[in-house]
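Quick one: the structure is below, questions incoming.
Naming follows writing order (A, B, C, D, E and F), and every chain is counted from residue 1.
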Amino acid sequence: MTDLVTFGETMLRLSPPDEERLETADQYDVAVAGAESNVAVAAQRLGTDSAWLSKLPDSPVGRKVAGELRSHGVDVDVVWTDEGRQGTYYLEQGRAPRGSKVIYDRARASVTTARSSELPTESLEAATCFHTTGITPALSDTLETTTADLLSMAGDAGVTTSFDVNFRSNLWTPAEAKAVLTDLFPGVDLLVVAERDARVVLEESGDAEQIARSLDSEYGFEVVVVTRGGEGALALADGAVTTQPTYDATDAYPVGTGDSFVGGFLSQYLDGGSVADALAWGAATAALKRSVPGDMATVSPAEVRDVVEGSTEALSR
Amino acid sequence: MTDLVTFGETMLRLSPPDEERLETADQYDVAVAGAESNVAVAAQRLGTDSAWLSKLPDSPVGRKVAGELRSHGVDVDVVWTDEGRQGTYYLEQGRAPRGSKVIYDRARASVTTARSSELPTESLEAATCFHTTGITPALSDTLETTTADLLSMAGDAGVTTSFDVNFRSNLWTPAEAKAVLTDLFPGVDLLVVAERDARVVLEESGDAEQIARSLDSEYGFEVVVVTRGGEGALALADGAVTTQPTYDATDAYPVGTGDSFVGGFLSQYLDGGSVADALAWGAATAALKRSVPGDMATVSPAEVRDVVEGSTEALSR
Amino acid sequence: MTDLVTFGETMLRLSPPDEERLETADQYDVAVAGAESNVAVAAQRLGTDSAWLSKLPDSPVGRKVAGELRSHGVDVDVVWTDEGRQGTYYLEQGRAPRGSKVIYDRARASVTTARSSELPTESLEAATCFHTTGITPALSDTLETTTADLLSMAGDAGVTTSFDVNFRSNLWTPAEAKAVLTDLFPGVDLLVVAERDARVVLEESGDAEQIARSLDSEYGFEVVVVTRGGEGALALADGAVTTQPTYDATDAYPVGTGDSFVGGFLSQYLDGGSVADALAWGAATAALKRSVPGDMATVSPAEVRDVVEGSTEALSR
Amino acid sequence: MTDLVTFGETMLRLSPPDEERLETADQYDVAVAGAESNVAVAAQRLGTDSAWLSKLPDSPVGRKVAGELRSHGVDVDVVWTDEGRQGTYYLEQGRAPRGSKVIYDRARASVTTARSSELPTESLEAATCFHTTGITPALSDTLETTTADLLSMAGDAGVTTSFDVNFRSNLWTPAEAKAVLTDLFPGVDLLVVAERDARVVLEESGDAEQIARSLDSEYGFEVVVVTRGGEGALALADGAVTTQPTYDATDAYPVGTGDSFVGGFLSQYLDGGSVADALAWGAATAALKRSVPGDMATVSPAEVRDVVEGSTEALSR
Amino acid sequence: MTDLVTFGETMLRLSPPDEERLETADQYDVAVAGAESNVAVAAQRLGTDSAWLSKLPDSPVGRKVAGELRSHGVDVDVVWTDEGRQGTYYLEQGRAPRGSKVIYDRARASVTTARSSELPTESLEAATCFHTTGITPALSDTLETTTADLLSMAGDAGVTTSFDVNFRSNLWTPAEAKAVLTDLFPGVDLLVVAERDARVVLEESGDAEQIARSLDSEYGFEVVVVTRGGEGALALADGAVTTQPTYDATDAYPVGTGDSFVGGFLSQYLDGGSVADALAWGAATAALKRSVPGDMATVSPAEVRDVVEGSTEALSR
Amino acid sequence: MTDLVTFGETMLRLSPPDEERLETADQYDVAVAGAESNVAVAAQRLGTDSAWLSKLPDSPVGRKVAGELRSHGVDVDVVWTDEGRQGTYYLEQGRAPRGSKVIYDRARASVTTARSSELPTESLEAATCFHTTGITPALSDTLETTTADLLSMAGDAGVTTSFDVNFRSNLWTPAEAKAVLTDLFPGVDLLVVAERDARVVLEESGDAEQIARSLDSEYGFEVVVVTRGGEGALALADGAVTTQPTYDATDAYPVGTGDSFVGGFLSQYLDGGSVADALAWGAATAALKRSVPGDMATVSPAEVRDVVEGSTEALSR
């Protein structure tokens, strides 16, 4: 049985090798990346049976997305379609003072036409947890409706719902995001939000704890997790606050850090771990992710445990 | 001064190295490809001052397209825009019985919004020849109008107009194509058409010569060139027919063969060469193209001359 | 539910890029390869729900094997262990007069210690078909016993058993092979054997049909398939003989051709297709395999259908 | 019209990938590099119409040099010749305590035979600025004369002349350099000199400002720019001194930093910017260069502006 | 004549490019690595005629090992055999918090069957110094005997014997190691031991000097070198202690640092240098190694001298 | 003891991967190549102790040449120098109708200054055979003298002298070559000459046998071998003619075929084999070479024997 079902878009990621520029490189590395499938991969690798729900073009590049996710053990529950295209994004890895740059090319992706009625939702209704993010409803009007439908369906089936705000300024304005997201919040049990998004999008103020308490009192979540970049994370559950610092990590491969945090968190939380353990596993998975090329946390439970326990070694042989 | 101006879309071409599959490759080679810019590159390299007219996204991948064309000496006369995206296509190189496959991802490319009024047409109006293909009007309603506008503008300025039918079945039906193209033909001086397209799209019949004569009598071209794949090519000019067989060549890199033929043909024809010489240079450039990775004929005049004169060597040192 | 379960060893395959030599190359391409998992991958990709049963080292390279198979949709039913190592093989691709060379390094692989009692055989007992090959019992005494146990278990559960003789001269002698294999044959329903192995190992004589009839009368198979390299294949079922020529194909990537044949055959046969259809799909899958790098037939049903129907194109766009 | 014309040698640069050693690597990355063309590329990319004047071997590697420069939009005004060879240099990227190493292989390069009478100097005489460096006259006696001729020709045509001392100890001694360079200085309007070269070659003393004032009073420059490595740069113009610190930057790809500084400086200075703005753009272009593989500043005006304005982001999406 | 002969196992090292993971990489870089041959390579490159004694499989991968060592000028004195296999190891390069990981796959390597009677020991008996490490006797019972035999043979021939403790916890326990090694020590003249191994395996205590004095008084070595990681090294010879700090170096490629230290030390020591000079060359060679990919110190005497003399430059041209 | 000593230039070979063009490739593969060292490598690999005598620049690229030759077991007897440069050549691999192209960049190579007095000729004087080619005296006046000196020195020491005419039209004219070579012939025992060179350079006529007899009668060789490309080879020794056809082989990597022939021939001839055996080994080594990238025959005796005996297999496992 599947413990975790996530829903959203997964893209091909095209990036020049090493630190070459998009403009001048003759080869691009091809990876597979999407906020919600990143979460499923991290959770699956850490022991949570996970599935990813979506709609993909019936083409070699669509199959590439499915194959990559399956290779990590994630079930791929998708509608195959001739509608739309495979979304992609270009990533150029930078170094100071040249920043890393992401250019999205996701318009008209097949997933933007996905309706809840066509999706294979059997595993969702039997799962322990359903997770999606604020990117999904931002992608199309259809997906805004579908996101609401799936949250409802999960709620009706007694499935815990998890939601990461994940604001993307190139998809919508803070005001548009706030309107849509706050409509969805009543159906959400576990909210993850970056402190910055809480301020800019949800117009919260005060420190991280005040933000968590304010969101909780307004929308009535089971758990609120506020992530604070290099400052760590904080969770409010049953009125109690738990904090977690970040673990030391390279900044070599930062893309996907947030999703890895959520995947690590859920793997413990859904397994019955304490909020403190869940935060620790989230932070450790996120730290490890930063040492791994690509968007996904291709890590093992033993590696996460070593970080949590402070027993990593520079060279083990 | 520019001798040849071409107009159309140029895409990024993404293809797995060697004979790997799109689905399983971890890197894609990145090239730059478009029927009309392919013609400009071939002609420029063979001594014809050439320019390419278009509209590109103001992004690293748009600049990549411009840089690649410039590297061959082609002038890049483009509008830079935030509208639309950089069109791409996926190419998988096959081997019998697995064929090579092209997956276009060109919807909503920036060029599809290009209007004649915004394009930098100074060099077009001062050129010797203007060239475009049947792909361009198929890409959007806007481009259908723009193609007609540019052909008119060229005609008014006394510039020879050249047009390659280049039917693409994934862009429109034969009937749609016929309706649009035959509307454009009165403004065309030099027509290039594959025998197969003449039959399927233009509904011509008979042998290649009959097709050329029929098209000429119907639309009144200066020159009609009918290309016949492995059977060579035939030109009708001033009532006289000239034929040209193909030169022996590998079939390793077939994509771009037709555009290289046109580039080679024009390089001689615009330089005052006879139709026979132009056909020979077209065929030789096409043959050389098939030995070169990528869509473009990165060849030199000496190499083309060696093929025409039959003086190529397997190893020269 | 799983239709097909296969059992055997899967190795890492290390091969120099292009036609470089093992001795002088500085990089090796890494692939995943094994006769029985190759069959599962081909069948899965052609629509048969497939699983692979085995024992793998609990290490990154063991996980690599599992991940690659999963990426094709195959269920990986394995015991993870600290016993033994990940088997590997070196492949050097040749060109006349230098042949391709395989160097096996599979001694003490984890799978050689696999006992039926420790394997997760639930899906096997519920499957439509169980498949293994003559390589498996040759790898260790333990595996000889386990192979027999699994064939029995399948027979008891009413699961069709399929067996490919696949003689490997570096693992055992023809006499040793004959003794072990003929002990297993009574538990086998569908036998696949290369004509050459039938002669050298099973000491059969006559033409392919005579070989099939002789094997059938001796051991009482449901179906006997005799593969004949470039000469095609022949099946004997219910006393009737069906023949199938090979399809034209490159000889670029021959390793895995036989397994792809079996995967293609089973995908049709288990789906209720006729023996003639199964042979055609086997032959077409084998032909396509030869155009694909690696050991596995990473093909689609549409591609196989095109080969069977003779409707492949050199370039489709 | 061309704003900036530069003159000098451009080489092929051969360097092992990553941090491999020249001795043991099996592949070399191939780039194009030359002090004067580096300046032209940086300036062109930042909005200054630029051309590069030189002499190249009529060979694929000579054409490679031209193609690379053209790809950045630089006009390539060269004599093609059969005299001499394509100069190259080997670069090995190091890490402490192993330094990066350059091995020049530029003897007998075609450019060393370039006489002013054979060069296509039309654009030089119509330009706003002519730039060359102390490397050029060091390469051959012929080039010493040609450098003097071109500076004269520029002076006569009212073109501003810019000169970067760029002392290379493997080409000549400080004494030889001083003799030749000080002969050229009367024809130079804008001098760029590293503080170290000013001391070692020009035998100046005191701090950077004293060096600038001393050089100015001795040779009467319009502007003197003294570059000080990590200490920033200082310009003396119209008696006033302006200073500019360096911007924080990686030291990953230091080769070409100085040329990028000059290109950035000229792009602003020739556009009518203040000396302070020109120094800031010079410093920002230099900082960005250090994050980009290769010798050239493949950057955009927006990126430079972000550095100058302090608005770079580690990850923009 | 050969100055230094080393004896031990050399493996193929398989590692993903850059910082990719073993599980997900599609190519592995192939290097050659072994504690004793690493020492021979470092010493040979620094001017000591060196040979490596061993037993290799007669296969392309065995020949690869020999070829790589020969390329550095080391004589390869090996028995070629059909017994056993080529040992390998997998290396995954990490970044904090993900450590680098080594997975050995060396069981049943050909060398584990090497008997002194079959080895070509002519050069050993005529050498100045014989070196091996604690890894060798740990690999098999046969090698335990052979190591003792060769030390005896060297002693009898008046050859200085050098031994690096090099404890590997995956090969044996500290107690097993202590028993075997202390049996060998009476035949050893020059002992190299990491401070940590001295404590854990040899059960020494106190500071590095106390450890050296205690080992010396117990076993009577000519020289004892205690290496202390980032703390430098210390040597006890003729009752006098000499210390050497480490030189600043990157931690990019740490594997092989210790062997490079020994190679650098011996190159000076065997050439008649003082213990202080030998320590300095050891430390400098070790520092340079850390900047070079692979296990071996592919450095030159000039580079080592520059480090010792503090005259390295970040960029020399 | 060394059986074979060869003398000549060895270059770095720079070639784009696959079939890319020199002009557009971003990486070049780096190999090591030279007619005389190619012979030494082939002979060494086939069992003849071989050395290569030359002069190399004391630089990483000079050391690369030495290292590569040593990796095949060849002794490298060179003077290390600061005079001159490392010669290189560019190779572009073609396909019909585009031929493969070689661009030499060997002017001023260090070897062109090599005098016999400075070369380490001890092994030459103790060898069984000395071999060089017509390329060497063509490289410089100094080398013309040195070649004569070494042939004399060998003759005086009773060493068999072998000479391959190897005419290169880009180094000298046929008339120049004839004058120099025929002066050297009296000191040559074994002459290898391509039929085409015999006609064009040595002005011989008639068929291959007539050429051999005419050369023999004119210059008094011990053996004359005439190579005839695809037509095989012919040897005249003691008045008797032996012929050898070519073995079937790919034409994938033709560069170095002739040198491999000579290496294979000498390996048998110097070992006391018959002229017929020597021709067969020459032809088989040449055939295998054509399947191997690079200039050198990286083959084994077993592979050559398989070709001679007709027992090669397309896939051995």
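Just so it is clear, a residue touches a chain if its C-beta (ideal position, glycine included) is under 8 Å from a C-beta of that chain, and two chains touch if they have at least 3 such contacts.
None of the values given here were measured: they were computed from a predicted structure.
The chains that touch both chain D and chain E are A, F. Comparing chain pairs A-C and D-F by the number of C-beta pairs in contact, the larger count belongs to D-F. Chain A and chain E touch with mostly distinct residues; of the residue numbers seen at this interface, under half occur in both copies. As a whole-number value, the distance joining the C-alpha centres of chain C and chain E reads 44 Å. Chain centres here are Cα averages; for chain B and chain C they lie 47 Å apart.
If you average the CA atoms of chain B and of chain D, the two centres end up 39 Å from each other.
Shared contact sites, meaning residues of chain D that touch two or more other chains, fall at 18, 21, 23-24, 26, 63, 67, 71, 101.
Taken chain by chain, the contacts fit none of the simple shapes, being neither an open path, a ring, a star, nor a full set of pairwise contacts. Two chains count as a pair here when they touch; such pairs are A-B, A-C, A-D, A-E, B-C, B-D, B-F, C-E, C-F, D-E, D-F, E-F.
Here chain B touches chain A in the complex through residues 14, 17, 21-30, 59-61, 63-64, 67, 85-86, 88, 90, 92, 101, 103, 105, 107-108, going by the rule given at the top. Remark: chain B residues 18-21, 23-24, 94-102, 104, 168, 170, 251, 254-255 touch chain C in the complex. Residues of chain A that touch chain C in their complex: 63, 67-68, 70-73. On the side of chain A, the complex with chain E involves touching residues 18, 71, 247-250, 252, 284, 287-288, 291-294, 298-299, 303, 306-307, 312-317.
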